[in-house]
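Next come two complexes built around chain A: one with chain B, the other with chain C.
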Partner chain A sequence: MIKKKNISDKTINVACACISIGAFLFLWYWGTAFTKLGMLIPGPVEVLETVTAGFFGKVGRHSILVHVGYSMIRVMIGFIVGSVFGIVLGLLMGWYRIAEAIFNPLFRIIRPIPPIAWIPISIIWFGLGENAKIFLIFLASFSNTTLNSMAGAKNVDREVVNAAKMLGANERQIFTTIVLPASVPSIFAGLQVAISSSWATVLAAEMVRSSEGLGWMIVAGMNNNDMLQILSGIVMIGVVGFILAIIMRKAEDILCRWNKSGN
Partner chain B sequence: MDMKKQKNVFYLCISVISVAAVIALWYFLINVMHLKSETVFPGPLKVFYTFLQKLQTKAPDGATLQAHLWASIKVAVLGYGLGALVGVPLGIAMAWNKWVDRFVRPLFDLIRPIPGLAWIPMFILLFGIGITSKALVIFLGSLIACVVNSYTGIRQTKETHLWVGDVFGATSGQKLFRIAIPTALPMIFTGLRVALGTAWTALVAAELLASTKGLGYMIQQARAISRPDIIIVGMLAIGAVGAVFDAVLHLVEIKVAKGMNAK
Partner chain C sequence: MSMEQERKLKNGNLIECTNVCKAFETPEGEYQVVKDFNLETRENEFLVLFGPGQCGKTTIINMIAGFERVTGGSIKSQGKEISKPDPSRGVVFQSTALFPWMTTMGNVEYGLKMAGNKKAEREKRAQKYIDLVGLQGFEKAFPVKLSGGMKQRVGIARAYCNEPEVMLMDEPFGALDAQTRYLMQEELQRIWEAEKRTVIFVTNNIEEALYLADRILVLTNCPATVKKEYVIDLPRPRNLVSPEFLALRKEITGIMDSTL
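== the complex of A and B ==
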């Protein structure tokens, strides 16, 4: 009986989703095909055609897939380096009071500056190449992971630590076997924020200065007054952002399986 | 107790020393060792002088620091205010009413993975580089954060509390305003603070790309003429404003959501 109700609930959800997305697409199509809006914005069919054409043909110098690849490689390098640094620093600051006293004031001066505001200075320091972009993504993932790892290490259950101490665990054992695993859910929350922030940052960096990548694609569309290229770029940005979020969530599901409340 | 106080003073001293040491190191490397030319990496004194100068002179980017600051804040507050005004009620409605959820959420999920600043090129083409396009970008960015967090907040309402309301004959409106929304307030405020961060970031990105005033414009112009001292002043101003906004919102949160895990 209960099972049957669940299934019908799900069908209603799917049906409603189809109706609302269908209505949106129809409005978009109708608005661009039959009103003056069509002069400004291309319709959904054209955008879809441009995206598929971009997969096989070329947008600028590369196909869309190559642009996605460029953006992804930049994000991955900066994200991995940034989050490793961030997790280490965050755990140290959260667990050792002395590390917090030394690094936290510096961190709190740097943190409110959005990574995007570093774009001009990073171009002066590192030039127009890859290093500047990787530095920016490093910053974007670094500050988010630091903050969350620190919170994670601070919220470790004191009773567990005391129990370990009573059983004769030394400082290093407490840190690696209690603090580190207990902070994992919080670290993952930080990584989730970090990956979406890195994704936004790479787009901004590519928009300001680049000759490839999805950020370049939309800004080149702006400069050539090519709305089709912008919209197909936005579609791809959404798709990649979605995939990145899913990957992070799956990784969290696997690594934090023991943590029942961590979903 | 006294021991604890003494320890806190000790750690505070370390914090002060650490910040002072970094500034001293900065001065030493740049002004004494001349490791980098001041046209690439200006020393702390030069940054400070530039800051004082920028408060009075309009050169080289056409406006004083205050004028840029005011221009940025105006746009940020406009876009952010609209985003919060629409986003919080929308999130609450989606979480409270099944049908709103069923129809609106699919559409919302469609735009959610797209970072706000990816819309910049499209809005600039449609609305020019004035206040409209920037406010719209900020609106979208803050809308998403507000909706997501208000939604989660309302969903956290304990069913038992609602049953208590039912037992005492509360109407649906009373249950929403007396039980669900107060429960959700801390999450709603989290959303408002996240949204503020994204709003400020998106604004800087928009000003970097196309603008005629604002802090982002100022640092972008300074890059073009190789004045890293102005860039650093601008970055610190951007960070400071972000921190002040966040602190103000935190104060409001403490006032409004008294004691509800407002840290």
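== the complex of A and C ==
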């Protein structure tokens, strides 16, 4: 009975999503085809055609997929390195008072600075190549994961820690078998923010200076006054961002299944 | 080790509290929670600390467990001063304090894993205690999927699996509904009969105390100290409405009322 209800809830959600997206596309199509809006922006059909053409043909020197690949590789390297650093530092700061006393003041000064503010410095330090972009993405994911991991480690149930002690766990075992897994839900909240922040940062970095990637695509489109290239770039940015969020949520569902009372 | 201590050990005197005091610093000054508390356990006895609401019973258990330090007097385990938690003293928490990211099996075998036992060996031993508490078939379930009573069964199996010398139980059934509570009292009695241990059990429920205890220490309200001791030698399992049971219940309740 309950299961049946869940399925129909899901069906309703999917139907509503289809209706709202369909209505948006229809309005876009109708507006560009039959009103003066068509002079400002191409219609959805043309954009879709350009995206499809971009997959098989070339935008600049590469196909769209290669541009996506360039942006993704930059994001992945920076995101993984930044998150690992962030998780370790955050958990240490959240669990050991001395680590918090040493690192937190510094962290609190650096954290509010948006990653894109580092663009000029990163170019001076690392030049115009990949390292500058990866450094920016590192910063974007690092501060978000640090903050959330720290909150996670701080909120570990003391009684659960006592239970581990009573069962004979030593300091190191408590950190790895209790503090770390107990913080996983918070860590994931941080990773969600970190991945979207990284994605935003890579585009900004590519817009400043690069010869490939989705950020390059939309800036090149602007320089050539090619509205279709800009829009297909934006569509791809949206699609990739959406897919990244879904992957993160799936990973969270698997790793945090102990935290959910459903199914 | 002195003769005196050796004699006590032979008598199974595992836990010995001598004039234990505990005070907390508060902005309004010192707050005495436990005062001159004395206790000696006997081998494999079921000892119940019975007292009103927030009277420092949990603090006593926490100090015996090694989670908190005494501010006066001493607590010894087998003649040695207690300074930190130890696997020889298993604790069952009112909040269960299970590891929510571990399955039933993971929770129960945790202590063995930390001690470096091999997987096959620890699973075998954990299974024994999972079976003992009646959770066969729930080995792979996460705590979030278990009912309150089942969670506490995991908590009991987890503490038992380390084969401690003493079990400390801090109102383990306090958060359960009445029906489940009765059932769990029967279950605990059965488990304890099957695997005899020295148990120190805290409760504020007189029926529970009388149903389970070999000996009851009635505590005063804050600061907690022993007001009276009862040795309960009614046959087990106990009948909750037998005249002897009801008479004891009436008597102890009377003492409690005069304490408040």
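One rule holds for everything that comes next: the second predicted complex is superposed on the first by the 238 of 263 C-alpha atoms of A that agree within 3 Å, B and C clash if a C-alpha of one lies under 4 Å from a C-alpha of the other, contacts with A are read in each partner's own complex, and residues count from 1 in each chain.
As a working rule, a residue touches a chain if its C-beta (ideal position, glycine included) is under 8 Å from a C-beta of that chain, and two chains touch if they have at least 3 such contacts.
Predicted, not measured: the structure shown is a model, and the values here were computed from it.
Student: Is the arrangement of chain B and chain C around the shared chain A a clash or a fit after superposition?
Tutor: The answer is fit.
Student: Which partner, once the models are overlaid, touches more of chain A's residues, chain C or chain B?
Tutor: Of chain B and chain C, the partner in contact with more residues of chain A is B.
Student: Can A:200 be said to touch chain B (first), chain C (second), both, or neither?
Tutor: first
Student: I want to verify one number. Taking the Cα centroids, what angle sits at chain A between chain B and chain C, in steps of 10 degrees?
Tutor: Value: 90 degrees, nearest 10.
Student: Using the superposition on chain A described above, determine whether A:26 touches chain B (first), chain C (second), both, or neither.
Tutor: A:26 contacts neither chain B nor chain C.
Student: In the overlaid three-chain picture, which partner chain does A:118 touch, first (chain B) or second (chain C), both, or neither?
Tutor: A:118 contacts chain B only, not chain C.
Student: Which partner does A:181 reach: the first (chain B), the second (chain C), both, or neither?
Tutor: second
Student: Considering only touches as defined above, state whether A:55 meets chain B (first), chain C (second), both or neither.
Tutor: Neither chain B nor chain C is touched by A:55.
Student: Closest pair of CA atoms, one in chain B and one in chain C, after superposing: how far apart in Å?
Tutor: 6
Student: Which part of chain A faces chain C closely enough to touch in the complex?
Tutor: Against chain C, the touching part of chain A is residues 157, 159-160, 162-170, 173, 177-178, 181-182, 184, 257-261.
Student: Can you list the chain B residues touching chain A in their complex?
Tutor: Within the complex, chain B touches chain A at residues 11-12, 14-16, 18-19, 22, 40-41, 99, 102-107, 110-111, 113-122, 124-126, 197, 200-201, 204-205, 208-209, 215-216, 219-220, 222-223, 226, 228, 231-232, 234-236, 238-240, 242-243, 246.
Student: Taking the touch rule as given, give the residues of chain A at its contact with chain B in the complex, in rising order.
Tutor: Checking each residue of chain A against chain B gives 12-13, 16-17, 19-21, 24, 40-41, 97-98, 100-106, 109-121, 123-125, 196, 199-200, 203-204, 207-208, 218-219, 221-222, 225, 227, 230-231, 233-234, 237-239, 241-242, 245.
Student: Chain A touches which residues of chain C in the complex?
Tutor: 65-67, 84-87, 89-91, 93, 95, 97-102, 110-111, 114-115, 142-145, 158-159, 162
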